[in-house]
Amino acid sequence: MISETKQFPAAKYGMTIDVDRCNGCGACMVACAVENNVPPAHEGATDRKGLTWLRVYKVDNGLEYPDHRTAFVPVMCQHCNHDTPCVHVCPQQAVDLDPATGVVGEMPQRCLGCRYCMAACPYHARYFNWWDPAWPQGMEKTLNPDVTPRMRGVVEKCNFCHGRWHAAKQLAAASGEPSGQPVEYTPACAEACPTGAIRFGDLNNPASEPAQSAKKADSFRLLEKLGTETKVYYHSEREWVRQTAQAPRPPQAGKPAGKEIARG
Amino acid sequence: MRGPVQEAAAAVAAAVARLGANEHLAVLDLRPGRTASWTYRRAMASAKNGIYIAAGHPMADAAIDLSKPKTILSLAVPVLAGWGTPGNVIAQRAGFHLIQAEAVESRTAAMADQWLRIQPGSEEALGKGLLQALNGQSPSAAAEATGISEQQIAALWNQLKQNGPALVLGPADSPATAQLNQALGALGQTVVARSEAPVPLKWSNTAAAPVDLASIEDRSIRVLLIDESTPAESASGTYLPWSLLERKLVPDNPLVVTLGWTREGYGRHSQFVLPTGVYPEVADDIPPAVDSVAATFRMSVPLVHAPEGVVKPEEFIARAAGMEVAGTLRERAEAIHRAGRGTLFTYADGQSSAVKDMKVDDFWKALQAGGSWMDEAAPARPPAVAAAGQTAIPASVSANDLPLVAMFVDAPSSPLLSKIYQESNLHLGPGRVALNPDEARVLGVEDGGRAELETLAGRISVEVSIDPAVPSGAVLVASRAAVLDMCSAGSRAKVVRV
Amino acid sequence: MLPWNYGFHWNTGHVVFLGAFYTVLTIVATTLVLAVLRSRRAIAEQRVEDIGWHADFHDLSPQDRVCRHVLSGELQCRECPHAFDCRHCETHARLVARHAVAKPAEAEEEILGMTFPLDRFYHRGHTWARIEPDGTATIGLDDLGQRLLGVPDSTELPQPGERVSVSGTAFRVHKRNANVRVLSPVDGEVVETAGPGSDWILRVKTTGGGGIDCRHLLRGSEVRPWLTREMERLQLTLSAEAGSGATLADGGVPVKDIAAAYPEADWDAVCGEMFLEP
Amino acid sequence: MDKDFITRGVRRCSPSRFAAWLTPWVVLLAFGLYAAGLCLIKGLNQTNMDNRFAFGLWIFLDLTVIALGAGAFFTGFLVYILKINELKAVINSAVVIGLVCYSGAVCVLGVDVGQPLRAWFTFWYPNVHSMLTEVSFCITCYLTVLAIEYLPIVLKNRKLRQVPSFLVFEFELHKLVFVLAGVGTFLSFFHQGSLGGLYGVLRGRPFAFREGLAIWPSTFFLFIISAAAVGPSFILLTTWMVEKITHKRLVRPGVLELLGRISGLLMAVYVLAKSVDTLIWINRTSPEVGFPAWQYYSWNPFGTWILVAEIAIFGLVPALILLTPAMRRRRGWLVSAAAMACVGVALNRFVMTVQTLALPTLSFDKFLSYTPSWQEVGTFLAVVAYGVLVYSFSFRYFQLFPDERMLKMEAKKEVAEEPFEMAGRY
């Protein structure tokens, strides 16, 4: 597959997420699940065992009222462009960085379920199927035919709505465009976001919205110092929000460390 | 073949036949302003002792023009979290300074320019306090209730006055809000009346006027038909606690039929729950959002076939009143086309075209394709301020009870929403309450543990989440029908460990 | 893994990694196959007995593997490298050449109260071989061997016509819980097994031409030091197997039936030790 | 019957007592197999692992057990390659321990992965850049080697060797065993290293990430040394335990001391290397990617104490004890030092696996705690029970300690009056 797509002019799909616009409604999470046939939660699932390719975290500045501030940060696979942590650890080439799109792909059909890639990912963007996927009776009719559901015991994650990318390519081909050219499409989350906080496009195309806003002064990436060169850019005019992209803060007094408290 | 639908129909017919002189056949519409609502009004007009109860905003025809205000004081209204048309709100966001007065740091509070942390359920009190400040009295009672000083309240009032035009958004049934807006000159400026999309003349001539629940005398409704099929996006505003409805029912076996897609709601109190289709299965029109100034007409178009055996509430209720209806949406569209006002916006190509230049069939097709009709801008006029709404349940006042903060979550709903409250802790899950860690320690309940929530209205088993964001001494309730039955905002509850 | 796999592309990593992997596989497989082939050959060549003895010899405690010339005091310390088969031992040849084993005066030797006639050759496994006038050799248990086994519960003798080989099994003896193989002192083909009253147990004749080779067997003056060592071993073994009370190291004559004298001893272990079958 | 299988001249308890000893372990094994079965049939939701704690008890134990099992390859290396013949006395026991550890680890891995039936994918579509691939390949090969090395021990059984072909095959195979020892050493060096590399390469986990030589992070080499260091200690420990349990002398004291000395030497080297590595990591590797190292230790309960315990208390101290001849000669010190060394390396594996995953990487992460479910613990216990059973049988019927009989005799000789000059004793 890699060898097939090499000769084409590469796209570098990426995202910009305006944290200041996100009100944490969670529409993107649901849209993502609907689009990618991610099953509803098993009753045993928690925020640590769930399947949320896209997860909106509630972050705060750690101060007390009235200085206390909250923001919402949607985190999905950051599609690291360099030293992609998950790609080189997979023992059976089930993960790859597609040079044609810059999308970090996951091949559930080949996944052994060793979860090494999950340990490797600093963004916790990879999820394991702890249970057999199950949809309430009748709901299976609403499954997306363009996306294969995954089985129990394999790892999955955001792939920038590969199904939609594929559809877009077919459309382009049908409309007689030269095959292999980068196509324009919109992942489900960007489409669903009611406040337009999530924007998607080709970072190689200077005209595209992400390419533009990635250059903005207040845009940042998560754990930039790791050198993973992620393709998901965030933006906020609030300094403390930009700080949350840095390494973790040691626990403050009052907040018991080691204990998961109901707060994203 | 005789299924539950036929049985229900028969039961209704029998009950209607037995209607006493001052007994009513009533329809409760949880989402007024739709074409179906007109059908109900016509049906009730034709039916014997029929009344049409519109749940929700007493100022149903009032719209908020967000382009006007420079300052907005929101009394716990989720302005930035799904209120109105989110896209429009965000578009206007830069234009106004938002002050959110709320007990917890809700999504709106988090994104507001200013967050006033007030005591749970003291929104109305703050409103009254501001009125006092306006009249030059000292808002001592308000300060006491809200937990913010008189000076702050006075300062807040000045802030609103000086940075006008200002607007106060308050609870649906808050008289104080209305008076404040009056005082701030918002009425007719930012709070304007919105005319409804045209309807066929024969409808408007033969339609019962909406009745406010409070104005119905107690024990007078024998047959109550509830359309719960499409709950409004902020149903917490429109959901009427059952205890209020129950008061109006006749004492000797009244008949309640709920047409909805869940047993969780009024279904729990009904003799019959008839299944209805949900959004992607049925065609329905969408009432204009509170922040759209002009009248609109949009339709949700069915994407999949509704399963066997679901009922169309419109048809069932009409039939109950001896009416046969079909194609009402089309009739409405024709009426709009006949009026010839406004433009049609089609999302597919982002074009908007004047209705009068369109053929009626094209108009109808465009609507079915997701097009949206918008009325032309009319000169702004103040809305008719309705009387203060339903009386809330009396709140218990025992000392050790916790003030309730009810937050609406759209539950029960698609299992995929479990992504946001079960598989992440973004939302408080249905049937969950959140407590401050200290509070939880005192009560001896753990995170994820079960407890009972007790109010005057009753007890309900809940799951507890521990959240330092909840102010100490309060309990955050992810409200659902079952919870809302028990507690309106500001009522007090007790969390009892089991 | 294999070049025709989906997504496979050659690079240094693959070459090095897979190269190493396949090399390892090859080595391991080869080792196994080699072992199998060699053992098949061994069986074909009927070297089982020989290998059995070598395996046993390998497991003997070092002081039991000591060279006959250490016993006779000619060397300080030497472990026998040939599993007691001196026929191909240069050292032995050299030493014998230097001074042949002295032929003692009397024909009958009485050692520690046991009779060891010197008209015969002794194997370290307590058997002897006597060249008969007719050129055949008779094989028998020496006196200590007899006293150890006393009156056997049963014996398994080879049938006439079967072959025996040096340090291969001559016959098996059962005594109490002991079940030991007795080593044959010489190569040959069994011509007859003992009848009543004969002091020998097997009569063998050489298969190849020439006489019976006894170079590897103890003779004459070598017998006494060897036997002294054997008595020490026996006493040590007995004290180990039959409790520390047991001792016959006072130079006293061992009783006719030692087994009977130590009813509590693990006789299997004792015989195993003495008949060089660990 | 049973007697015929027991090596001549060594004492073993009665079959009934043996059965009594086995019973609890068999019960444990059954329970463990049930737990493992649940995980295989119902899926890994039976465990308390989750998306953040993707690895748990099992991986930690695999790493530890494999480190302890390193005694097999290292002793083999010392005996057959470096020709340190004293250690012949424990080589068989070492092989059995190695076999038990490795096979156990592989079984647990089989339960640990989500799709065990796809294990062969690793061999069919290997990603040669993944440390895990290296681990899978080497462990599989080495397990085969161990099995082959175990074969002669089995075939040497008194009853089995009466079958001519067994006898001969054992004899021939034993002659070639040095080849296997060599291969085993090669393989072990690599997979022990790769197990370390497993974490050292995690650039996304600065707590684990290490710089190194070429494609190998420093942990690669640290794991090799630590495994080689702790292997002999574990053999020492087990041998001592078996002696205590069976009330027998199985090896000469000199052998245990030798093991201790070797272990101590390597332990010292390891501690030194580890300290240097830690300093580099604290002062350069970690800060460079924006993670000040001190903050790792500000999340309770994993304070700096864990660092001290790992390197000083359970690293340096046992090394020093084992390197002091006087203390080495005292059995108590020797054994406890060996035990401490084992704990130290186990602790290192714990830090690498569990602490790495517990620590947050994003500022809005939580420090996570995790307690294994009973199914996880059960599966682990199954491995322990399996190990004890295999070892017990091997000890009863095979010659794990060739010197046993000789020592028995010598013990008698010491009480016997007249001194006995042993010629040619090494």
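Details
Labels A, B, C and D are assigned to the chains in the order they are written; within every chain, residues are numbered from 1.
Everything that follows uses one rule, which is that a residue touches a chain if its C-beta (ideal position, glycine included) is under 8 Å from a C-beta of that chain, and two chains touch if they have at least 3 such contacts.
Computed from a predicted model, the values in this text were never measured in an experiment.
Looking at chain B and chain D, the chains in contact with each of them are A.
Across the assembly, the mean Cα position most removed from that of chain C is the one of B. For this structure, the chains sharing the highest number of C-beta contacts are A-D. If you average the Cα atoms of chain A and of chain D, the two centres end up 40 Å apart. Centre to centre, using the average C-alpha position, chain A and chain B are separated by 34 Å. Chain B and chain C, compared by their mean Cα positions, are separated by 103 Å. Along chain C, residues 6-7 each make contact with two or more other chains.
Those residues of chain A in touch with two or more other chains are numbered 46, 49-50, 57-58, 93, 260-261, 264.
In chain B, no residue touches two or more other chains. Those residues of chain D lying in contact with chain A across their complex are 43-45, 49-55, 112-115, 118-119, 121-122, 124-127, 129-133, 136, 198, 201-206, 288-292, 295, 298-301, 356-357, 359-369. On the side of chain C, the complex with chain D involves touching residues 1-2, 5-8, 13-14, 16-18, 21, 24-25, 27-28, 31-32, 34-36, 38-39, 42-43, 47-48, 51-52, 54-55, 59, 61-63, 65-66, 70, 76-79, 177, 232, 235-237, 239-241, 244, 247, 249, 266, 268-269, 272-273, 277-278.
Those residues of chain A that touch chain B in the shared complex are 20-21, 23-26, 29-30, 33-34, 38, 40-41, 45-47, 49-52, 55-58, 60, 65-66, 68-72, 135-136, 138-139, 141-142, 194-196, 255, 260-264.
For chain B in complex with chain A, the residues that touch the partner chain are 80-82, 86-87, 90, 105, 107-108, 110-111, 115, 117, 280, 304, 307, 414-420, 422-427, 434, 437, 447, 465-469. Touching chain D in their complex are the following residues of chain A: 42, 44, 46, 48-50, 57-59, 73, 75, 83, 85, 88-94, 110-116, 118-124, 126-132, 151-155, 222-228, 243-251, 257-261, 264.
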